[in-house]
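First the structure, then my questions, so here it is.
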């Protein structure tokens, strides 16, 4: 099994999905050890730092893109996350004017004064596996469990598009789903030769919806296995855990993101388990979990999650690739 | 402690929140043992039955309204659910044309042909605590855990309105939240003298979002304790479990429902724990759970859920009434 | 032809559609001369007046409801507006905190500070047929044409509901459509015996969308003819002018309001002109005018407007009742 | 004054805004005579032709991009349309499965069967200035006035993005606004050196909203004058006619598109006429026209239109460039 280690220089950061030249070519089956910078390019280190002053508008640097040997449009890229580990002992979150879920924004403008710009620093205790929330007003401090995840994972979009790393879509991207974590396999439909995937936007933890637009942002060490399934491209990103299947839809308003994730899950249950589409619709009505991923980006993301214990035995989920990669991944730990 | 038992006759069913005369007056502190009919008035019993033929348009009968002695506008009604138990050994779900989350509807019409009308019967095994999904096409059958809940709990709306029992809102109503279950205390802001609350729409289980518009619908035996807090009316429904606080926002599109639930939770964290509003916004960004309640009714419902273990010690949640009612409730079991 | 004159006392104001007892019974064919108070109950008369201080939360008083002899569910109420004339020489508009199209609102809340409360008084020159906009900051003053219209026209809703006079819906209500003016016939589907219609919310003029939530609000003298068509109830409000047909959809988000108005227009073109539904869809794609009525109420309203000159000759529009009432109305002037 | 004539070969068609190399460099002040192919690449010529069979997924070819000498980020590109004339004596429109305003779509999916694929051919009579709608079912035919416009006008987006020619945004693009027609000046904020603008998607006429997703599509001969204003970049596209100012917002849902257009118009009225923002909000409430541009693309477009006769005298609208270009343009006719 091939192994590639890669840490990008700032000049190598990716800022888009699509539209950039690949940094490396990797074969299916390759294990990659990647480093990802935080969404603020590592420039915010104190609660007095302001994103508007220290960043030049560039947010959410990606590690990638990587060209996957043999990947063609219509194929399915499988990225199995073996480890997602904080690379620092602190994380950071901010309130950015005209950005977030509970404020006027550029895409939903009002005449109100914007909210103020604020920065919170979270100390991380990697042995206790916690991060520390400290209120800016008053003395309240709360220990929260470390739950590392990646906000972005995606590949080059269809239709010759290049999209900013701030937006999610059918190509993945900035979905901000807490389900993209160690142990997960993410399936993405390939649109261009080589797939051209990137990852980034590590979160030491995040609430569902990512209310203010920013999680506990932090640099990450990521170990993943790249694999390729010929054909079978899903229309929207799919995620597999040992105990659950997930689909992520992105759009506006949030109900359409939810609809996309539900219809994609019905398609998956239909093809993998032979469930009639209307039976699958009925079954989802009784078993779906629907955690919201983000209500803050320029497109919102909703998740449909189904526990495998509520599905028929058997089923063909991309030929059992998750179990195989999971087993490979365990040997790497 | 007073105890009232009540089973409505069909003539006594409530079809609205507001606009109907109370069936009974109850004092704060009263325990009620209520029976609720299913959303189809108990008329659908076989998979060949069709709602469009057997019902005359009346759906979702409520048990109530009940007048609460002393309740005035601005007060807070607390309903603590001690038990929510299936009253039958079967439940039922349907596909109703022009209704549901993945279809054209009356309020989001298209020119497509509607989906067909279909009925699923679920056998319930009350000792094993399961319901059985049986596909209409093919042989697939899946045992699912019984997780009884009430789709509707609400009181008379503000502004002299009467709203159908099919819609959720600031008055509660058809929220279809799986969190309204045994062990939960629901807090509702009182709008009219006596509050005039009702409950109904029992679900033997339901997925988040209630995709097709119908859960495993079933009659219920409900034990609840009615209580009243003078003043303190929340703007939107709040729910308390032993381990979590929840707020439910309803609106369209779903993102606005989510916004309502988040802003209401921030108000709650601010008043109960002294968290500054922007600190609470930041904290929610890292700890919110956001299960979707419904994306199918004429107004959608989103939940913000916060685990108490992630909140500061102490806090004044309606004077600790949940713990008190919970303790009373346990003695009734 | 019967003639009824009616001016409500403040105690007689209607605050809801549905849920109130009729003030009068009128026969189809009756001409009514009605007076309607402005949306602020006439209490705001100076630019230093504030709605939050002078009103007790009651907004948008209606003149009605009126019981129409013989009206049954499924029938079509036709209200032909002969005259809509300002009853005062001034109008008034306001900025109300948490209300309007470009602000955070109760149903789309954010954490921003609300906009300030402001009041503009418009002098009306009834001989020149103008109202005068005077900026609160600076010296700018602009004469605008008087274009009187009624913000609300509606009847009792279906499903036993009573809705505040602030909301539009399938029952009409607070649509805020500039097309409800002298010369228009409004068609509404009857839901309850007697129809129970009301009118109000006079606007001396209004932009499409009613951006801040308030038009140039003013008391009106309204002359209308009440008529009844047995059966044929439209699903949503329809309006006929001498030169155009309109349908008004209400909902959230605005695209769904637009969809409703389009599908209703396609149904109308299909039944009145025999146009196939998909041909009508194609034709609408090339001839629709789509002025927005309101993006500010608790439900938004969108209009589909079709010029009669772009429709086939002939056609059966409610049996030609508009032409007949128009002719009757002209004799009253 | 420079004059450039350009007709693209199929290999030169643009399919994106951004991400493509310029075909020509032109200086500010240049007059261009351009030919634009129709949205179907001219491949649909009969009512039995189907887009799904004849096109390979490439829709909406653009003429461009063109590099404007001296254009820098933050500048304002002014494109004045002198003539927009049909280049053929027929146009074409279609129903495309999973595309349009009254159907399930890729971004708002449901489980309904898609609508059928259909094609309408419109004969154009360029002397009478009409196009002929002919129903596919039945004998109905209706003459409609020719009202030529361009569905797309845009330049390279910000943030390193390349967007398909099917989507509108802050960069212009597929707005489908009937106001982009002869006599109009379009103002766009420049994001990259050279601006890189393109035009295309001629419509022989179009209803507001473009209900089914397709206007009367046709090839065009376009005469335009390119000009550049240093600085002053508007956030969203602005349009000026002799008698009106317009702003076009794009987003989802439609209410957000409307909000964008309103806030942009308020900014324009503020800077051009010195109207206080809240006074401008109030004035818009009484004078806005809000024709919907499109409710069918992957982002919707709404227009705010203000008649100049309702604005203060004077005002500085990009230094009076529209009047100057209009005068130049008249000399070309």
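A, B, C and D label the chains in the order they appear, each numbered from 1.
Criterion: a contact is a pair of C-beta atoms (placed from the backbone, for glycine too) under 8 Å apart; a residue touches a chain by one contact, two chains touch by 3 or more.
Remember, it's a predicted structure, so these values are computed and weren't measured experimentally.
A.B. asks: With respect to inter-chain C-beta contacts, which pair, A-D or A-C, contains the greater number?
C.D. replies: The comparison resolves to A-D.
A.B. asks: Among the chains, which is located farthest from chain C on the basis of C-alpha centroids?
C.D. replies: Greatest centre separation from chain C goes to chain A.
A.B. asks: Distance from the CA centroid of chain A to that of chain C, rounded to the nearest Å?
C.D. replies: The answer is 47 Å.
A.B. asks: Centroid of chain A to centroid of chain B, CA atoms only: how many Å?
C.D. replies: The separation of the two C-alpha centroids amounts to 33 Å.
A.B. asks: Could you give the separation in Å between the centres of chain A and chain D, each centre being the mean of its C-alpha atoms?
C.D. replies: Centres of chain A and chain D (C-alpha means) sit 35 Å apart.
A.B. asks: Pull out every residue in chain B that's touching 2 or more other chains.
C.D. replies: 102, 109-111, 115, 252-253, 259, 263, 266, 278, 281
A.B. asks: Along chain D, where are the residues that touch chain B in the complex?
C.D. replies: Counting only chain D, the residues touching chain B are 102-104, 109-115, 253.
A.B. asks: Hey, which residues of chain B end up touching chain C in the complex?
C.D. replies: Residues in contact with chain C: 15-16, 18-19, 107-111, 159-164, 166, 251-253, 256, 259-260, 263, 266, 277-278, 281.
A.B. asks: Report the residues of chain B in contact with chain A in the complex, numbered from low to high.
C.D. replies: Spelled out, the residues of chain B in touch with chain A are 93, 95, 100-102, 115-116, 118, 120, 131, 133, 135-138, 140, 142, 144, 205-216, 252-255, 258-259, 262-263, 266, 273-276, 278-279, 281-292, 295, 300, 302, 310-312.
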